[in-house]
Structures are given as structure tokens and as C-alpha cells.
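Report on one structure; see the data block that follows.
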Amino acid sequence: MRVIVQKGPFDGGSELNSFTAAQSNMGAIVSFTGIVRDVSAGLKHMDIEHYPGMTERALEKIASDAMVRWDLGDVLVIHRYGRMQPEDSIMMVATASKHRKDAFEAADFLMDFLKSRAPFWKKEQTLTSDDWVASKQEDEDALKRWSHS
Amino acid sequence: MRVIVQKGPFDGGSELNSFTAAQSNMGAIVSFTGIVRDVSAGLKHMDIEHYPGMTERALEKIASDAMVRWDLGDVLVIHRYGRMQPEDSIMMVATASKHRKDAFEAADFLMDFLKSRAPFWKKEQTLTSDDWVASKQEDEDALKRWSHS
Amino acid sequence: MDVLYFAWVRERIGLPKEAVETDAKTVMGLVEELRAREERYALAFSDLSALRVAVDQDLTDFDASITGAREVAFFPPMTGG
Amino acid sequence: MDVLYFAWVRERIGLPKEAVETDAKTVMGLVEELRAREERYALAFSDLSALRVAVDQDLTDFDASITGAREVAFFPPMTGG
């Protein structure tokens, strides 16, 4: 299990290859990469603020919850902070499991909790505005999927 | 949309990076990599037979079904045939979407159909046996998840 | 018409592909003709629930028509991914 | 105790962190004290449903105890990922 919080960019392909190479007898690897998207067709850049200390703590909690809940060989979480341009990779998660169902569900779970329970805040600067991204009710609702079963 | 059926190995990380770089304004990339796993603790190698012509046709149908069903920017499917060693990558799928839910669901769907509807057959050689892998009822059942909604 | 066999069906029958002249109208009719040929065919086609069939590279069922088909393939359930 | 502010809470209050002496027993008690200070605090804490709180880096709620806490942080709902 590895949690990385960093300012600089990361190479998603290299990270996926290193993660995969480190596994032993895991048949299924799932990765998710989150990329800066220009929702308003005029995004100059995005700034991500975070809470040093709590961020690592929260991500480690989410990752270890996933390890307990599914049959996983490993979990990787990388999340950037600071300034990013459109098309930059913001974050990535990867899961390794013997079975595809566990790898998929765990990655989906990691993303849902990372969205709403890790202390990151996005601010989008466009030509005309500089606004904090509002949280979405659908992201909060997504967490409920994991409260039973 | 790209479907590749090949005998030689592929570099999952490079494929993920190329796929990601080719997208425009897609916020979510999901990848799945399937790896040769030694289930019986004595696997020498795995041979994958396929049905040239029908394989490409079936994979393209599955990929385009996913493009119709979810809001996707792109789909990649790579599947190998021939002889593979434990820890070799067998196949990979990747999906790109504006939203993480679509990217996850479509990748999950691709894998379910690829497992049971693309003409590949695995044969595992161990020290003592050389057997065709039996299809699993759970893989057939997994398809039912996609028949409604 | 070409008839193709894959995986253990190929191994049991002993060849990957053969040209077959048939008047059968359906996959099932073709199966009956093949079964009548030799023991190895009878054996390969003994349990149809363990087999799948594709006509002209589309997965179908044993009731399907083969009239005008160029290619019929028999194989076990797929195990890709 | 250190009180930390993030995102628009930080911007509204005008600083990221300050040392606060308080006898408040709960987060809510601390919020009341801060609100009473100045207009910018009152404004930042006007709608608690738009705020989240962490005590010693664990997400909690406004009824939580802050007795013995080293660090209390206020911020809007998270938007990571």
C-alpha cells in the first residue's frame, strides 16, 4: 500500500508499470486517472489546496479500508496539489487483486471516498472568474453505495 | 476506438500514456490489465488460442456497444494470443470519459463481455497437466448485470 | 462450406478446419451429419450444452440457419480476458 | 490550540492559521467564540451546513469535543479526485 501526495507531475504509465511489476500472482490490475478538464470552455488553470498531514492520514485510511474490504494484493494512491493546466493528470489510483471484481470495486470505492473525504479543494481560474469548485450532491450520494453489503 | 489482437507482448504503461494523450477534455481514464496468474502453484505457461477474424469482429462489437451505452470519448482493447508465462500481461482495456462513473462502468462491461463473448480459449500447462481452462458460471452470470437498465 | 474447430473440439476431432458439403438447413442438421461420420465426431458433439457455435463469425445457437453460410465454427465456451 | 482555515474559509477570514486560547469544550463552542470576534468570522461561519470540521486531523462534527485538541480545522466540503 502506497500513498503519495506531491506537487509535481507524475507519469501515469510508469506508475502503472511499477505497480504491476511489484505484484505477485495478481491477475487483475485496475487504474483510474483523473485529468484536469475544462468544464467551462475557458479554463486557464486549476489550483488545488490541501491540508498537509491530514491529507496523507485520510488517504491512508481510505486505502487501508479498501484493503480490509476487498481481497487486494496492493493499493496505490497518488494525488497532486498546487497549480495544474488543462489535460494535466491530477491523481491516480491503482488496485491489484486475484479477481477482476475486487480490483474494479476497490478502485471505484477509492475514488468515491477520495472525492469527498480527502482534504483537497479545487479552484478554477477562467478568463472571467476565479472560483472554488462546489462539491456535488451526487458525489456525497455516491458514498452511500458503500455503506451496506 | 481501437482494437488490437496480437501475439507479442505490449507495454501497458506506454499504452495507457498514449491512450490518455490522445484524449481531449476527458476527466476520467480507467484501465484494466489482465495478467497470467498461477492458480495451481505449478503453472509452466499458458497458451491462448483464438479465432482470427471473428476475434476482431467480436471485440469491435463489444467496444462499440460500450461507446453507445456510455458517454465515452474513447475505448482501447488489446488482447494477446499464443504462449505466455506467469506474470505476463494477457490483455488490457482502457476507457476515457468526462465522468468517472461512465469510465468505470464501461471498463467493467468490456471485461465481462470480453471474458465470455470474445473467441479466446486458455490452456494451462503445469508440471503434471495440460488442460483447457473451464468457463465459469460466475462469468456467464456477470453478463446478466448488463441486460437491464 | 468451411467448418472450423477450436480448443478441445479441435483436439478431439483432430483438425482445425475442413471443407464440408452439406444439404443441412440448420446448425443442428450439420451436427447430425458430422456425428454420423465417425466416433471422434460423435464424441466431440456428444454434449451440445458444452459447445458454442458461430455462423459466419457471429455467435448463434444450434437452431440457426446455415443456408448460404461460408463458415461454421464449433468451440467450447470462451475463456478470454 | 491551532485553528486552521482552508479554501474560501481561509480567504474569508484572511489567514490560514492562528493560535487560539479557548475554554470552549466543543467545536460549536469554539465557533461561537470566533463568530463573536469580528464580522469576517461571523461571515465565514454564517452557514455551518456549508462547512466541515476536523479535530486533530480527523473529520468530525460540530458537537465534537475539543478538550485537549492540538488542532482544529475549518473548510468547505472537499473536492478532490
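Every chain is named by a letter (A, B, C and D) in the order it is written, and numbering of its residues begins at 1.
The criterion applied here is as follows: a residue touches a chain if its C-beta (ideal position, glycine included) is under 8 Å from a C-beta of that chain, and two chains touch if they have at least 3 such contacts.
Computed from a predicted model, the values in this text were never measured in an experiment.
Without chain A, contacts among the remaining chains split them into B, C | D. In whole angstrom, the spacing between the mean C-alpha positions of chain B and chain D is 48.
A separation of 26 Å divides the Cα centre of chain A from that of chain D. Chain C and chain D have Cα centroids separated by 72 Å. The residues of chain C that reach two or more other chains are 81, listed in rising order. Within chain A, residues 34, 100, 111 each touch two or more of the remaining chains.
Pairs of chains that satisfy the touch definition comprise A-B, A-D, B-C.
Contact residues of chain C toward chain B in the complex are 4, 6-8, 10, 54, 57-59, 73, 75-81.
Contact residues on chain B toward chain C in their complex (touch as defined above): 34, 48-51, 53-54, 57-58, 79, 90-91, 111, 114-123, 132-135, 140. In the complex of the two chains, the chain A residues touching chain B come out as 11-17, 20, 23-38, 86-87, 89, 98, 100-101, 103-104, 107-108, 111, 142.
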